[in-house]
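For reference, the structure I am asking about is given below.
Chains here go by letter, A, B, C, D, E and F, matching the order in which they are written, and residues are numbered from 1 within each.
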Amino acid sequence: MTNTSSLSRADGRKFNELRKIKITPGFTKHAEGSVLVEFGETRVLCTASAETSVPKWLQGGGKGWVTAEYSMLPRSTHTRISREKATNSGRSQEISRLIARSLRAACDLKALGEKSITVDCDVLQADGGTRTAAITGGFVALALAIAKMKLAGLIPAHAEPLTHYVSAVSVGLKENAALLDLNYEEDSAIGTDLNVVMTHDGRFVELQGTAETVAFSRQELDAALDVATAGCRELFEAQAKVISSYFPSLKI
Amino acid sequence: MTNTSSLSRADGRKFNELRKIKITPGFTKHAEGSVLVEFGETRVLCTASAETSVPKWLQGGGKGWVTAEYSMLPRSTHTRISREKATNSGRSQEISRLIARSLRAACDLKALGEKSITVDCDVLQADGGTRTAAITGGFVALALAIAKMKLAGLIPAHAEPLTHYVSAVSVGLKENAALLDLNYEEDSAIGTDLNVVMTHDGRFVELQGTAETVAFSRQELDAALDVATAGCRELFEAQAKVISSYFPSLKI
Amino acid sequence: MTNTSSLSRADGRKFNELRKIKITPGFTKHAEGSVLVEFGETRVLCTASAETSVPKWLQGGGKGWVTAEYSMLPRSTHTRISREKATNSGRSQEISRLIARSLRAACDLKALGEKSITVDCDVLQADGGTRTAAITGGFVALALAIAKMKLAGLIPAHAEPLTHYVSAVSVGLKENAALLDLNYEEDSAIGTDLNVVMTHDGRFVELQGTAETVAFSRQELDAALDVATAGCRELFEAQAKVISSYFPSLKI
Amino acid sequence: MTNTSSLSRADGRKFNELRKIKITPGFTKHAEGSVLVEFGETRVLCTASAETSVPKWLQGGGKGWVTAEYSMLPRSTHTRISREKATNSGRSQEISRLIARSLRAACDLKALGEKSITVDCDVLQADGGTRTAAITGGFVALALAIAKMKLAGLIPAHAEPLTHYVSAVSVGLKENAALLDLNYEEDSAIGTDLNVVMTHDGRFVELQGTAETVAFSRQELDAALDVATAGCRELFEAQAKVISSYFPSLKI
Amino acid sequence: MTNTSSLSRADGRKFNELRKIKITPGFTKHAEGSVLVEFGETRVLCTASAETSVPKWLQGGGKGWVTAEYSMLPRSTHTRISREKATNSGRSQEISRLIARSLRAACDLKALGEKSITVDCDVLQADGGTRTAAITGGFVALALAIAKMKLAGLIPAHAEPLTHYVSAVSVGLKENAALLDLNYEEDSAIGTDLNVVMTHDGRFVELQGTAETVAFSRQELDAALDVATAGCRELFEAQAKVISSYFPSLKI
Amino acid sequence: MTNTSSLSRADGRKFNELRKIKITPGFTKHAEGSVLVEFGETRVLCTASAETSVPKWLQGGGKGWVTAEYSMLPRSTHTRISREKATNSGRSQEISRLIARSLRAACDLKALGEKSITVDCDVLQADGGTRTAAITGGFVALALAIAKMKLAGLIPAHAEPLTHYVSAVSVGLKENAALLDLNYEEDSAIGTDLNVVMTHDGRFVELQGTAETVAFSRQELDAALDVATAGCRELFEAQAKVISSYFPSLKI
């Protein structure tokens, strides 16, 4: 491996440095949980909507459900994309499913009871890493909704539907170096990247490595996982600043 | 008519008083024009996207085109609405067409030349009057895009594609009183309302009165139009604060 | 204002003169109410279909529902339009919603009870003013269906679901003159028109003014409303010839 | 076989008797060919629309194209059907294709040149036999359009794109009897019917026999074909009354 | 008629000779009935799926339902067709409906009881006659599913839902000769063909004759029916080899 | 880690043992490349269709394109799935995209020139691991199509569009053991699995780890990757048996 610590990035970050992370709770007022998450210039509005019922195929089983939808606003990106494509493209549906699986890994659906929570992740501005920002912010929106449901008595006080923190980050592989949290410019220049979703106990929920140009070696993978693990740790801390008071027993 | 000046509104406004209006330019970075417009708690992100071509049916005619799309984010409102419905419902399409016609009334499409501008109006938070906020903010996004296109040389310096300011406001009719700029709570309680779109020279671009419960009289209509005309005047001033420096010859 | 009385129209009509209006009841046999309405060469087949149930969201509330669908036959117009566009275009959906709201303004939905009436307005031949013809004829089809439902005992004899006559007419604004009931040729030449839907007591149900080219002044609006009000009065009389015997207590 | 001549039908017709046939040309004004065809109470509006181009896959081949679309108006039938189903159901598409093939059998597409004709068949009122009425009336609309195109010089005077008359009729099989031109009541009671499309020289274009309940024998088929052949002959005569003067060289 | 016995076919068959017919039961393992049917190089996978319920409109009537879906794999044919077109084209839907009606003619739906069977016919390789192969093979899949349902006790032992064998074959008309079971090459060269669906007692279930180029005479039809009847007889024998042991009382 | 070598699997396989792999070339005749691939009872028909053009957005760039579509036949699985869902579900689209990216990693698109190859992967029978079988078999179909295109002169003899072998396999994580190539029964019982796509030089093209129940540790990931790497090696050998003679310079 290259001695990555000497690599310079266009925006001056170190190879293992996240962009400026900002999580603003209560960005909109109607949703049970609402968060604006910013990874540098990437901004995603995450809202969690609670319902006191579950989809048909789950009814009567005593378990809840968490799902997610991801979409980009038409001009969140360099050139306008159609609404149809922004919501229904294969890419958007694939990311929606990824977010949903990731958030379910944060939950004990039995403890949630027969309730549903839908987390909408709408990209207001895209600058790379929208899916990882969506998972990281969507988790906070989900946690806020659960806190609100407990306050409202929809979930019993003793129940603990939230069992883990979940965050996500991307790593790019370039000339044997692993670069944390790519922005759009970097992402365009780098063919291969890895999206890593982790729980706060250091385990993997999702791992998606894609080599658009050159396949990657086992050694490169190892370096990327090291960087990603440290990055997720920082994200857990940013999340905890917003939600730890509601979930005192969940220590990161 | 009731002496409307004595009516008290739930939020303390006078019958002819707008909510707090805020227009933030440059809310997102990719679009040629980008504005966050707020009518009280109603917040709409308006982005104007420029293209250097026109739809097929206009090609070769030397004229440009302005169109618009309106959509609500799924949880911009009290209960979550599906993305499908948020974008493709009859209501959303009807509002999209209304915004587009209104914005075209602000333009000299010949002076624009064979370029297209698409104005996307995405409701981040709904609290009544989303369509009038969208027109008012969409106009500013459109103007900013035109200014940027002129700077970039896409539109000749001497051309003046922007010929009028356009703003819009709603008026509700309740017990013979005309109430300006209804919020959601008022709108739900009042069956009949009028959406008025005006140019800065005091003429009407669109007039849409709908009596969901009781039909309205000619006298009530007259009172509503008086209130709307004054409201639009205030909105022109708010718009001018953002764009007047780019369009010095256009006096409101 | 111009002295409009001296304006000559291509078909020889006076500025405030309707085209020849013809309402033929019983044009088809299956529908509870069926009417062919003609405004000059514009011909719309209006059928009202009754059902003894209401949509889910209304069930159990004791109220009925009236809805409408508008569509053009593919070759009702100068050049063939696709069926998809004829039924599902934004324009068609917008007109469907307008007709439905207008017809509900004619009804006491509580008195209707938990029944639904769907009014289909299919344009056989278009020559301008199809939406106003559809509302005017659709009202008669609706009234005939209500009369038939009362006869069949589906609505109690003492109930009066029909509370108002409703008719509609367009007015065009051209060189400061207001022209009643535009045909296609006039409509194409005139940028600005107003569609007015009224109840027989002289109140407005819907008011839709659209300036495709030049915005209109308050004075022009007033002139248009005067002409429209008189036009609707004539339409109520044409409607009454068909339905007054079924609704003797409803005097226009 | 039963001696079918002694069978009595509900409407008093003989087993081999058509309903009252009426073909009204010029029913609407915009289409190049327009016909209202009536088979008893079944009424279908057939319009033929001409275009001076052909679909892409035919371009440059010197041949024209004839196609057709069949749809029922929502309340053309006993209970209202949705517009979606009326146009896009498997049944409607299948009938559209049948009509199109049948009408192409009437034409020399080479003589037509690179032009397209679309024949729309919209059922205003259904009482059995809508597809056979549509073919019979659609042929007349097609012929009128061709006549008009020749007059307009779009087709050279010497070209003869119309080579055959085409008509269609249904035959029902009931208790070994063959009944011509079933109305709705008969059709509902009879499981098996045959739709026969013929050219004026007594040949078959399409033959569609369907046994919904009991399969039919070779002998029954023969009886049905005899009756259908005579029925089509009468239909050619009804068509000729409308179009023979335009096509003097085409003798039925 | 030409003395057809002397005609030579490209693949050496006689005018009334089927291609090599092969019916392989149990081709896949999940379906209640599964068959690979081959008519020469045409190969169709037919699977019958049983459900213990019926569509809503049949519930409570004590009768079962049999339906079918036909689709071509994208590259089952010379040039790739899109999946959308392979499944939803008018042609595919029309064939699906034909197969379904044909298979229902083999059944006593009352004896089936309130169960549904869906027969999927997926063309793996197309070389002409896919619809007739699908009906012939689909019948066997259906019979195997019924046999399995009886074994599983889902259908009472004494019930006989299968009342007839059903098979299908095509006949082409060329220069007055009737050619049995056309392959793709022949089908492309011959404009007119007849698809014949029969029960084992020699009666017709469906008869679909289509003249794409030249209409056919009564005499040609008679010759085609003779050839088809003999062809179906051979197909019943091929079917019986697979299913006769399960349905001993049903003699062909 | 558990000593996995002592684990017994329901079908008697060792933890690192593939199911019986079978690759049958030429399974259907029309496609440029056609393969039936079997991983135990999972059977996928892979066809590669060549076109001598590329999608619009690639035209003029001198590069080719490889894409893929994945679908399950309705009754390839335990309970029938609808065709709509089998083709258009989020899952199917996601797998289609995965296969396409994986196959592009096997190619030098520049060497392919402006040609497109579409690889259709249709699951005839599903028993776990359909996506990895599809990639492994799809690669062979792709290679056969390229070989055929070279023979036909569509690709110059010296060009080498195929640069790598690509194969894929799944690994399940269960009680700290890594199990190679899960069948359906195992897959249902194990929450966490990893799909690994590799090139023959031992590098990763795609890595997709998903923890449906419990997140996995770095140590578990390492064990899984070891097992997957060995499994892919065996698959390269199975592929080479079919295609190595066409690509002698490509040594695995």
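Keep this in mind: contacts are C-beta pairs under 8 Å (C-beta built on N, C-alpha and C of every residue); 3 or more make two chains touch, one makes a residue touch a chain.
Computed from a prediction, not measured in an experiment: that's the story for all the values here.
*Asks:* Using the touch definition from the top, list the chains contacting both subunit A and subunit B.
*Replies:* none
*Asks:* Taking D-E as the reference interface, identify its repeat among C-D, A-B or A-F, namely the pair sharing over half of the contact pairs by residue number.
*Replies:* A-F
*Asks:* Could you grab the centroid distance between subunit E and subunit F? Build each centroid from C-alpha atoms only and quote it in angstrom.
*Replies:* 35
*Asks:* Between subunit B and subunit C, what is the gap in Å from one C-alpha centre to the other?
*Replies:* Distance between chain centres, rounded to whole Å: 28 Å.
*Asks:* Just the number, please: Cα centre separation of subunit B and subunit E in whole Å.
*Replies:* Centre-to-centre distance between subunit B and subunit E: 61 Å.
*Asks:* In whole angstrom, how far does the Cα centroid of subunit B sit from the Cα centroid of subunit F?
*Replies:* 52
*Asks:* Just say which it is for the chain contacts: an open line, a closed ring, a star, complete, or other.
*Replies:* ring
*Asks:* Since the chains close into one ring, what order do they take if you set off from subunit A toward subunit F?
*Replies:* Cycle of chains, anchored at subunit A and oriented toward subunit F: A, F, E, D, C, B.
*Asks:* Would you pull the subunit C residues touching subunit D in the complex into a rising list?
*Replies:* Against subunit D, subunit C makes touches at 28-31, 34, 41, 43, 45, 47, 49, 51, 69, 71, 73-80, 83, 87, 118, 120, 122, 124-126.
*Asks:* Quick one: which bits of subunit D touch subunit E in the complex? Just the residue numbers, please.
*Replies:* My answer: residues 90-91, 93-94, 96-97, 101, 105, 164, 194, 198-199, 201-212, 214-218, 221, 225, 229.
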